[in-house]
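After this come two complexes, each holding chain A, first together with chain B and then together with chain C.
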Partner chain A sequence: MNELTQKLSDQGPRLMRASFRWRDLGDSRWLGYWMVTPAVLALAGLILAPLLYSTVLSTYSWTLLEIRLPKPFVGLMQYSTVAHDPLFGEALKTTGLFVVGTVSVELVLGFLIALALLNIHRGRRLANGIILLPMIVTPVIVALIWRYLLDPQFGLVNYAIHLLGYQQDIPWLGSNSLALPSLIVIDIWEWTPFAILVLHAGMLAIPDDLYEAARVDGAGAWQIARHVILPYLSPLILVVLLLRTMDTYRVFDTIFVLTRGGPGTSTQTVGIYAYENGFVYLNMGYTMALSVVILIAIVVISLFYLRLLQRRPQW
Partner chain B sequence: MRFRSFRSVSLLIGLALSLAVVACGGESSSGSPPAPTKAGTPVGKFPGATVNLIRWAGDPWEAATKDAATRWGQTTGGTLNINAIPYENLQTKESLDLSSGTGSFDILYVHPTWFGQYASAGGLQPIDKYLSDGSMNPSGFSSSEYIPSILNQGKFNGTQYCLQDQISTILVAYRTDLYQQAGLSAPTSWTDLLTNAPKLAKPGVAGLAIPGKAIGDVSDIMSSLITAQGTWWFNPQGKASLDVAAATKAVQFYIDAGKLSPKGMLNMHYDDVTTLAAQGGAAQVVTLSTELAWLNDPAKSKTVGQWAYTPLSINGKAGGELIYWNWCINKSSKNPKAAYSFLQWYTGTSEQAKFAPKAATGAATASFYTDQTLAQALPFLPAMQQALANSNAQPSLATWPKLQDQIEHDVQAALSGTTTAAQAAQAMDQQLKSTLGT
Partner chain C sequence: MVTTSKRSALLSYLVVLAFVLWVVMPILVILQNSLKPTLLIFTIPPTWAFWPTFDHYAHILSEVHFQQFLLNSTIVSTTTCLLSLAIGSPAAYALARLRVRGRAPLAFLILLARMVPAFVLVVPLYTAFVFLHGINTYWAIVAAHVSFTLPVVIWMMRSFFEDVPIELEEAARVDGATQLGAFIRVALPLVAPGLAASGILCLLFSWNEFLFALILSGRDTQTMPIGVSNFIGTVSIDWGGSSAAAILAMIPVFILGLSVQKFLVRGLTMGAVKG
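Let's turn to the complex of A and B:
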């Protein structure tokens, strides 16, 4: 223990405050506080304060053009409207389908591809690089690329299907039943690389001894995957689930560019619905209430995952 | 004493100089020219004044506005900055500027469906006094130069706020070569479009293409179809007045046309169906008149010179929705007179005629439509005039954005077979009644 810390522990925080000197920063317990202060301030200023203000504003009835006018206080009426809004219920269902459809396939596909990569020794880096490409493209650009790929008349996808002998133009984004699955496929194409990246890194971190021990015990490839790799990766799987669920729950850009929630309301997610209410109808009080409800749902889902993460079996 | 006189004279000279500087220095002056300005020339001198304009991005319109801004600046001494942003962000940016009262943008490009929201919130500058002020307009100018039915769209509660341009409507374009090959005569009603479509269709060519994307297209087409039948969504008092039988007929046409259209029409915008037609993929297309220039643009079309045009008609009566954009001045503008000077000049025939052949849009002035050179450059102008002779303007009620969404979803439900035409029309009627009252 150096001289300063000895003095601090002997004479308490009062002296600690009095004896603070910039040059002692690196040695004192102040350092930790100083280092987290900017982050805490930024979080409070940019996230917590607006969040609290939004919650307050959700108890008033007002439109975007009435910011400077007195706003009538309506209490929890907006929340009651949200609870009874059939369009919000529909948007919630669509979002649920989108989240389950994308996250489950991305995870399974990501795991299988990561496993395959583990067994590739030549060209693994190149394969990794190529696989990551969709993830690094801007989502709006991804949407525009797919808009042309899925065009019923001029798109490459229908062209390929025509070559296979099916001569009908398939309206991928222009049909109530196909639009949501098409958007799910696009999201899977874009974000499976994320699951691959995380899970593959996790697989590479598994000690070789474990594989060797399993092989010595007579385990085959499937048994190694099931009893060695999967348990070891469970925390990473939960991280992928958590991040992708949060991300897909608030999906907006791709859907906005491709279908804008249509046809009808078949691809209207909660994000699109909140946007319509806020920036088309300018109904901000209601949109704030919608946003708070959406946020609470994300927090609940995240807490569930985090709890699972804490309960995972320890190696 | 001599010293005091000298000081008084100096003060007077100083005061006179200050007044002169202020008088020449922009907005706080009258902004009026020393002599009457002739038509087609911007009015007023605004040295040092900066005017900010916001509009959606996209050529040839954006380029035309920028070019006009440069010339306006050269004549008046002012500076006009153009902020061209994606259409999707325009309403949000304008709303935030109006609500915060910062006046970042002096001139706003306002869609009719937003106009009611902006005007009712008191965000716009009245321009009645500018329109009637001789010193702010060219010699011989009168607001009667604007077509009254169009100019009136910029009025809210009897006060004029905006001037219009970008006039368009819904029209039908049909392939004359394919009509000739099929031995068909030109369509005169929308039922002709439906009966002729199967005779014109062949592999790779749809008999008819109509957009079905719910981003305003469906509502525009429905508005034209009900206008041709002599009904409208609401009456002059703003109360619901839809004739359900006429709406049912309109939705039924949409359903029948949708069946003849290429697959995926529910996600097709005007751009998509017009591109398809220009590439030879449709024999008839229902689209926005603004898009029709593409059909004869060799850079975008494989079917140049093979098109004729007609309005949407029923029982010998054509109808169309008057589609337009409003140019309005922000209530918080620091340079409203300079802003008006630009708008009065820019919305006039001479400026609009400069880019109309490329843009395929009409002006709000009557003289635009009697210009023979323009008639040659815009072959669909007669059909457009015919449609607009019996037209209703795109609604600008503050409640319209939500109603429009509901109407479009009702039509899409019928197009996808979830409901019938009659059920969709009934649903629209109910929504109109519950929002607007009866």
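Let's turn to the complex of A and C:
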């Protein structure tokens, strides 16, 4: 104690202000590294390590029940099974249909409505506020809402169809041919708002003189949309495409809650298929091999988009 | 701004109005179900005029399970939010301002982290947590949630830090502040709105998340979405009760979501679109 007071009075205010090593740390050349370290460690532990763990465990044959037992090493056998698995092929096809069906409609519809929003002046903020609601609603609740709307007996959709004169109860989610289109419509309800808001934000950022110049050149509304707005928005269109493709590729919640991939395998996307293999059939080794393949596919697709986007500074 | 003819303005209003109706109708139907006496829910044609009842709400709120779901969701999402901000904002600042070798590839890797599907990650995480005895703890779910909120916070906060005029930090440095001091006393207060927005987005994402919570939770840690999904699974669905539960679960989401309306697009695009 005495020593410390002695020291303090010797070195006085300098020591106090220096607050020991904090000052060294605060100006260190390594400060940047210190500041990213926790985040890098967290992501390495929560994402990279689990993925590596998956890759290693995918070379063993094991089920969830044998989690604590020694597992037989099978090398790449699971991967050759994946390659020849007709159900996985079908799941990829279903996923592809879902991605293309949702993303294309969301993009076109989103563009048109963003354009309409640009044209209205009163109530635009209010419209914006309402439009964003579906994408923040909990996906499971989105599923619940549509479960009721599409109910064959008591749903409002079938009631409306009855009013139009068609008298049968259509089993939207219970039919092989209608389940996937129904799920696509639900995703369109949920996520078209995203396309609208992103593209609308982009349209607002277009400098006024561009419109002026186009109008001086005698361009009509359609030509302005086609030759001024569309080219200007192309990076944002790519952003929407990239994010929506990624998110629909890995769609899970609504499909899981509403159809669990059924009826039959008509709505079985890769996500549902991987889940069923792991947590229903407990084939963990195989599920991990599936996951690795699914992940590689999405990374390749994303890199392709990001390539296209590279001209944009932020990305 | 586009100056438009009256006709195209009218058309635009009609298009926007039609879309707004398409968006709110399903939500209003659920709201209506939640206020309808049970006997009137299953009538054909649907009953439009009725005296609203709060029975379904009273019933749901008195359910011990429902209270537990609410509590669990609140604990998980606030912890996720605070952790992500605490870990993510220093990293975002470093990536925006400081000399870090390989910061562009690092930022890119963090972006790629957002693309990992939950169903890919949940299998190894589940296996790992079984070994660590983490199933049925809040930490397991929080850790899983941080894996997808952290990249969002880092990218979003980076874009906010880049918006701060660098002169302000330089002035603080001239006045004798350390780089760390400039971060804590100058940059951080200036991005407070961004911090709030990122935090609220974390709350939203964590509150809405389903798969991790489903697999990593146990009887005591199930969150709201799991509770709602139980309603759909049962054979005879309690339409009134589940609708009331859905409305109650939506209220905080709508309040949070609308409070960050301005930043929602920025958050959902990882800071790429400033909105």
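The definition used in the following text is that the second predicted complex is superposed on the first by the 282 of 315 C-alpha atoms of A that agree within 3 Å, B and C clash if a C-alpha of one lies under 4 Å from a C-alpha of the other, contacts with A are read in each partner's own complex, and residues count from 1 in each chain.
Assume a contact is a pair of C-beta atoms (placed from the backbone, for glycine too) under 8 Å apart; a residue touches a chain by one contact, two chains touch by 3 or more.
Please read these numbers as outputs of a predicted model, since none were measured by experiment.
Novice: Regarding the shared-chain residue A:263, is it in contact with chain B (first), chain C (second), both, or neither?
Specialist: Touch status of A:263: first partner only.
Novice: For A:170, using the defined touch cut-off, is the partner it touches chain B, chain C, both, or neither? Pick first, second, both or neither.
Specialist: The answer is first: A:170 touches chain B but not chain C.
Novice: After lining up the shared chain so the two structures overlap, which partner does A:276 touch, if you call chain B first and chain C second: first, second, both or neither?
Specialist: first
Novice: Does chain B (first) or chain C (second) touch A:71, or do both, or does neither?
Specialist: neither
Novice: Considering only touches as defined above, state whether A:118 meets chain B (first), chain C (second), both or neither.
Specialist: A:118: touches chain C, not chain B.
Novice: In the superposed arrangement, which partner chain does A:227 touch: chain B (first), chain C (second), both, or neither?
Specialist: The answer is neither, since A:227 touches no partner chain.
Novice: Which partner, chain B or chain C, is in contact with more residues of chain A?
Specialist: With both complexes superposed on chain A, more residues of chain A are touched by C.
Novice: For chain A, which residues belong to both interfaces, chain B and chain C?
Specialist: Touching chain B and chain C on chain A: residues 67, 153-154, 256, 258, 279.
Novice: Okay, in this complex, where on chain B does chain A touch?
Specialist: 88, 91-92, 95-96, 98-101, 117-118, 120-121, 123, 212-215, 262-268, 276, 279, 281, 401-402, 405, 409, 412-413, 415-416, 418
Novice: Can you name the residues of chain A that touch chain B in the complex?
Specialist: The touching residues are 63-69, 151-154, 168-176, 179, 256, 258-260, 262-265, 276, 279-282.
Novice: Where on chain C is chain A touching in the complex?
Specialist: Within the complex, chain C contacts chain A at residues 1-2, 4-5, 8-9, 11-13, 15-16, 19-20, 22-24, 26-27, 29-30, 33, 41-42, 44-46, 87-88, 90-91, 93-95, 98-100, 103, 106, 110-121, 123-125, 127-128, 130, 143-144, 146-147, 150-151, 154, 159, 178-181, 183, 204, 207-208, 210-211, 215, 224-225, 228-229, 231-232, 237, 239, 242-243, 246, 249-250, 253-254, 256-258, 261, 264-265, 268-269, 271-275.
Novice: Going by the contact rule set out above, which residues of chain A touch chain C in the complex?
Specialist: Residues 22-23, 25-27, 29, 31-33, 35-36, 38-40, 42-43, 46-47, 50-51, 53-54, 57, 67, 112-113, 115-120, 127-141, 143-149, 153-154, 156, 159, 189, 193-194, 196-198, 201-202, 208, 211, 221, 224, 236, 239, 243, 246, 249-250, 252-253, 256-258, 271, 274-275, 278-279, 284, 287-288, 291-292, 294-295, 298-299, 302, 312, 314-315 of chain A touch chain C in their complex.
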